[in-house]
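Take a look at the structure set out below.
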Amino acid sequence: MPDQLIFAMEVFLNGLMAGVLYALVALGFVLIYKASGIFNYSQGVMALFAALTLVGIMEGRVPFAHLINATFGTEIHHFGWHLPALAAILLTMGVMVVLAWAVNKLIFNHLVNQEPIILFMATIGLAYFMEGFGDVMWGADIKKLDVGLPQGINTAIDEITYGWFGYGFFIDNLDIVATIIAALLVIALVMFSQYTKQGRAMRAVADDHQAALSVGISLNFIWIMVWSLAGFVALVAGIMWGTKMGVQFSLSLIALKALPVLMLGGFTSIPGAIVGGLIIGVGEKLFEFAIGPMIGGATENWFAYVLALIFLVFRPQGLFGEKIIERV
Amino acid sequence: MLDAAKTQTETLLEVNNIEVIYNHVILVLKGVSLKVPKGGITALLGGNGAGKTTTLKAVSNLLASERGEVTKGSIIYRGERVQDLTPNDLVRKGVIQVMEGRHCFEHLTVEENLLTGAYTRAASRGDVDADLEMVYEYFPRLKERRRSQAGYTSGGEQQMVAIGRALMSRPETILLDEPSMGLAPQLVEQIFNIVKSLNEEQGYTFLLAEQNTNVALRFAHYGYILESGRVVMDGPADDLRENPDVKEFYLGMSDEGRKSFRDVRSYRRRKRWLS
Amino acid sequence: MLDATDEGYVTSDGRKIGDVLMEMKNITLRFGGVKAITDISFDIRQGEIRAIIGPNGAGKSSMLNVISGFYVPQEGEVWYKGQKRPQMKPFQVAQLGIARTFQNIALFEGMTVLDNVMTGRLNYMKTNLFQQALWKGKAEEEETKNREVVEKVIDFLEIQSIRKTPVSRLPYGLKKRVELARALAAEPSLLLLDEPMAGMNVEEKEDMSRFVLDVNDEFGTTIALIEHDMGVVMDLSDRVVVMDYGKKIGDGTPDEIRNNQAVIDAYLGVAHD
Amino acid sequence: MFYREAGDFKTSYVEDSQTFPIKFDRYRYYFVLVCAFAVVPFVINDYWVNAIFMPFLIYSIAAIGLNILVGYCGQVSLGTGGFMAVGAYGCYKLMTAFPDVSIFFHIIAAGGITALVGVLFGLPSLRIKGFYLAVATLAAQFFLVWLFNRVPWFYNYSASGQISAPERTIFGIEVTGANTEAWATYLFCLVFTVASAIVARNLTRGAQGRKWMAIRDMDIAAEIIGVDPLKAKLSAFAVSSFFVGISGALFFAVYLGAVEVGEAFGINKSFLVLFMVIIGGLGSIFGSFAGAAFLVLLPVLLKNVLVAGLGWPTDLAAHLEFMIVGALIIAFLIAEPHGLAQLWRVMKEKLRLWPFPH
Amino acid sequence: DLVFPSMSYRTGPYAAGGIPFADGYADYFTLLNERDGGIGGEKIDMPECETAYNTEKGVECYEATKDLGSLVYQPLSTGITYQLIPKVTADGIPMLTSGLGRTSAKNGAVFPWLFNFPANYWDGASVAIKHILDEEGGDVNDKKITLVYHNSAYGKEPIRTLEELSKKHGFDLSLVPVDHPGQEQKSQWLQIRRDRPDYVIMYGWGVMNQVAIQEAVNIRFPMDKFIGIWWSGSENDVRPAGAAADGYKALTFHNLGDDYPLYDDLKTFVYDKGLAAGAGDQHGTALYNRGLYGAMLVAEAAKTAQEIHGVSAITPAMMRDGMEALEMTEEKMAALGLPAFGPEFQVTCENHGGNGFAAIGQWDAAASEWKMITDYIQSDQEIVQPLIEADSMAYAEENGITPSCD
């Protein structure tokens, strides 16, 4: 086999893996969009916030330490404990549920039945708020996140492929873990939204807030539920990305990597998020590999969007999105 | 048709002198009071913009989602003030509204739409399926289209979905907003017959807002006529049907019987009780 | 039976109905598996009021959508003013002088009544972007000219008092009237009305009927109308097409339809007075 | 009591369709204009111009532009940063290629170039709608930034990859470069801002505006009543990009003087301008100003209050600033989802009824 | 009072880098105030202004503080630097951009108000290559060196220099850009893995650094062959990768660690009095030291200015004179409690940028600290100087400046 082809295969596989990581972020968007028609701009910040909280709890940091110290002249920083990862994850989940409750109570409760762009705007406000809040709560330094996930090249694959091609493929262990988790998440979420009463109610709410209210669906409950779910997905994404790059402000920017995925897969489709992720991941990596060197590289950011755009021209609702109903 | 015994029974829903304001500035209801007796069919009549929909929404607490609020008066259901309940609490209490203009869940199939109606019920699968069958019996057309997305069904079909969906919650009181709108004549008849049989056989209470005064007064026991946010007349349906003003303005009858729509071409100043 | 030759006919109240204005030939329209219209042909003549009736889901609205170019039928031809109409985009159809209202009101909710009605005049407004950017001069002149037409329509439909109200705040019935105003402002030669009187009480229907008749009378506008109120249909229309499950089951004068057994079975239920 | 239409009769349609039908509004508007042109230039210093007025004026133009696209035509765009970059780089190339032509025309021409680019990237809007379109416009954002960064021709092969505005004058007074006077740059921007607002108002009050709004409110219905969606959407993209391009050109040439594309015209800029438009009020020219003012002034104000006033550490203040801005955005939306402009309108409606509550 | 505004960025995507610098900068001035009563008897005033690394906020900060009698600006962001170049020139306030900003500002004849001692980006690239030369015994012919860079003006800075150097020394240079912000670098590192370069040089910023180091670890690229510029060489950049980052190298133009007498003074006069800036947890980090160093340089320049003009309350123009006459010697630094803390250099009108000395630090993951592994190495002046000359003269021409040193 020619070298270029072997390399292309490696790039392809890594593209798939990268795609899964994008999809993890995109899933959170899909959940909320599906249940409320809200395009949740703050999903990235939620991932950051979840990861920050997780690290904070694990390391026993005192929340708002800086604020407290600045106001009272004290010098407290740590509680002095170190929690095991699992316990910290559960606690963080609790925090995310509280967040979901607060978001609903303080914001979306008052914005029922508003146009999508207004709701979108509200999530922007929320993103601003949480950005500041997360920083005040846990500090703006870069934190190392280690919940014990394996990371680095998978030697087994490296060796096997070396045996086959004379060139060992690089596959990151973390990506493998992410893929498994993402697959489980997607299956569970699909089952939930298609086959349960709450799932149906969730889709109903997305279509028409008022009508949903009129049949007795509690928007409150549905929204707290999906925001919690989205919080959970954000936490998972936060763990994966945080392990890769440390927990820091830029974690919130992964949202930008999820958007083309979302658009390609369809805002309303859970499987779409995964398939979209895979296509985007592979597409952008292969493009960078094959065409990138000719036009100066660093093409991934825009190419992902252009790729999604091309798909959209043919399917304006994304690959799996609900058909946009146009009637008069 | 008025059943004197029925009007004597307990008042299920009582609206006392409510005022509704939209957007903090637009005053729409200027003191509306009504009483809905248990097991009765009460009709709310009135022209466009009289405030029928607003009244119903005030009762079902859907106003908040339209930036409207009840600023005065009270709404009592079964002797309990319900103004501050959420719409879903109210549905649990047995009050459900069929909204004007259908409001189906476009992306759900017809059947899924109907199933959402059973959201508040803790009923078993079997019960729900039985109710589904009941709705399909009332509206065979829906059975044919059960797997289509509601967004693609015709206007009339959507109206059936909306009503069927409300029935699925097995309510005690149904607030029906313009059920006849956009329906073919025999279907209008059919829907009112369904209302009647639900009322008589299952004891459902109805408060219905309707433009089609003719049909409404034929099936209702008691009627209220709203104009510009005020109740201008009320009485047993039969009395209203005989009232000459009602006859002229709401039933389109003149002394010579029904007028042809062709005959009203000449300009005619509207007579109003108010304004 | 009316004497419906190519030269037209005379109605019971003595109006002269002219040539065939629009003719639908063997229209069939499918949506995936659903057959909304099956092989339907009928014509609309200059100056008449043509009603389309039928049970819910019969395909009436779909037929109007075919006429206005929004749905493209799989089979069949549309003839307009004696010519076969080529495949057209809806806005091109509108430019031919066909205006309509919608079953589920399709007003521009973010605009005032006046602006909504002014949109009916868009096909008459020809100043370019630069002239409009300057405003003074051509654009203003054109605006004023068209505004006068619109004001006439507004007067005609008696909606002066709500001129500056955003339509989202209007009750249903008034919205329908505004929609009619928008269609009328286009001074169409063919006006399509989809259930213009749904959700109105008798008095309002009377008003609406008066408008429809006056439009037809004063401007000679041809009208095709879908309506479920048989009283209205029978009183207003010159000829009626009846559809059921996508098929045509009757076509003729109100009297003929009233007594058509197929129509009675499928739609009317009982013979209507 | 004085805020009334009563007694203020209109006798012609022209009068009736003027921008400020109520006399009081009209006078207030003239008053603001006179202040802006004849008073402010004499009283402001560098700080006010560079930190507040210039960004406010320039962002207002961008917001007006984006409002035409989003607020009037309903096409949500997140490509504003990229289009501003087109304006900036277009202006830079023109300034350096034709040094003898007045900067005034360079800026207008930069707007024209941006309009063309805008139309190009607007093409997908014919198929793609809503948030899908919004995300799709990010393709423009990222691609344009990449392009300007990638192709050295755009920055005249400068070693640093930055573009710097050479010195240019209007009527012999410097408006770009190192030695500008505060009042001169202020007036220069003000002229553009006022002209933009007037042109935008003219375009949106007539036939073109109605086409846009019709497409926004219900594109299918609009098409059926005779609006060509292709023309309407692309013209919105063109006009919007024109304004955005002008603001980009001013942003670079007059305000910052030197920019690097990724930093000055990144995705954040796209979001910022969109926030201005939404907070200010979609479909309102006044809203564009209000939104720009809100997002330019508020952070500065908060910073001054928290750091200078209350003596908070700068970082805490900055974080709190984020929280406050976020919370205020939400609070405003809850109070009035249709933006500051609508809040203003409701206030006026109340005022009109005053002293009666309804 | 002597006003030294601090344009810091404690928020935003680069906060982790901005905080330690700002803390160090502030603590040094606090120390001078507390221990010496300021400089030459004048108290120091240090208004801090948050830029969030954002150019517009930078302009706002500048405008807000310039009328306070600010003596010198350190904008800490290349973007802000470019904006301020015309402004400070017009307003007559000196600006110091150590290790960042416009490289050709070194030519004081063209940029009288700008200073970028002791080293700049081009020096950095050259010193990195010199270090590689040392490692390879002076021969890098046919070695492969890859530059991974932030795809922005900043990241592209070293390309010209490296290209020249590759001509001179015969190594293969390949360029791998990473687009902002750089949280995803799979493609780039797969490519590096395929190409198997002998060395990787990185000009990264923000999250790009952390991800690059993690990916390098993932593909098992030898850490001691991976050299970052000083903005890729803080604790923040290596910590997320954990123990595996051990051995990673980065350039620096000042010393690392906290083993200096000055720290004792800081402890007595600042930390223990509770006067430490920020959260007070950044002492001894690379960027904190950079903050100290930056403050020390301007403080020394201020002293020089006071000496030259014989007044203690100096003006910005005097400050400029002080900076232009600044001489950093070993004795001076030792006297300040920072022996051998930075390279020795002397500023002149022709040379506002020092002599291009930089050193290499290496990360010791076990001890969790940076260690200096070389002395200060001078950049290849033969290569760098002509580039600076050419670029600054081009600027002078474009802007109609007559270079002069009188």
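Couple of notes before you dig in:
Order of writing sets the labels: A, B, C, D and E. Residues in every chain begin at 1.
Keep this in mind: a residue touches a chain if its C-beta (ideal position, glycine included) is under 8 Å from a C-beta of that chain, and two chains touch if they have at least 3 such contacts.
Molecules present, by chain and UniProt name: A, D = Branched-chain amino acid ABC transporter permease; B, C = ABC transporter ATP-binding protein.
Owing to the predicted nature of the structure, the values given are computational and were not obtained by experimental measurement.
Chains that touch both subunit B and subunit C are the following: A, D. The chains that touch both subunit A and subunit B are C, D. Counting only chains that touch, the fewest steps needed to get from subunit B to subunit E is 2. Of all chains, the one whose mean C-alpha position sits at the greatest distance from that of subunit C is E. A centroid comparison over C-alpha atoms places B as the chain most distant from subunit D.
Separation between the centroids of subunit A and subunit C, computed from CA atoms only, is 50 Å. Measuring from the averaged C-alpha position of subunit C to that of subunit D gives a distance of 42 Å. Spacing of subunit D relative to subunit E, judged by their CA centroids, is 37 angstrom. Multi-chain contact residues of subunit B (touching two or more other chains): 26, 152. Looking at subunit D, residues 146, 220-221, 224, 313, 315, 318-319, 322 sit in touch with two or more other chains. Multi-chain contact residues of subunit A (touching two or more other chains) are listed as 66, 135, 140, 296, 298-299, 301, 327-328. Every pair of chains meeting the touch criterion is listed here: A-B, A-C, A-D, A-E, B-C, B-D, C-D, D-E.
Considering their complex, residues 346, 349-350, 353, 358 of subunit D touch subunit B. Against subunit D, in their complex, subunit B makes its touches with residues 21, 23-27. Listing the residues of subunit A that touch subunit E in their complex gives 7, 10-11, 14-15, 17-18, 21, 65-66, 69, 73, 75, 77, 135, 139-146, 151-153, 170, 172, 241, 244-246, 248-251, 253-254, 257, 284-285, 288-289, 292, 296-301. The part of subunit C that touches subunit B in the complex is made up of residues 13, 31, 34, 54-58, 61, 103-104, 169-174, 195, 198-207, 209-210, 213-214, 228-232, 235-236, 267-269, 272-273.
Residue ranges of subunit B in contact with subunit A, taken from their complex: 60, 62, 64-66, 86-88, 90-92, 96-99, 103-108, 112-113, 115-117, 119-120, 149, 151-152, 165-166, 169.
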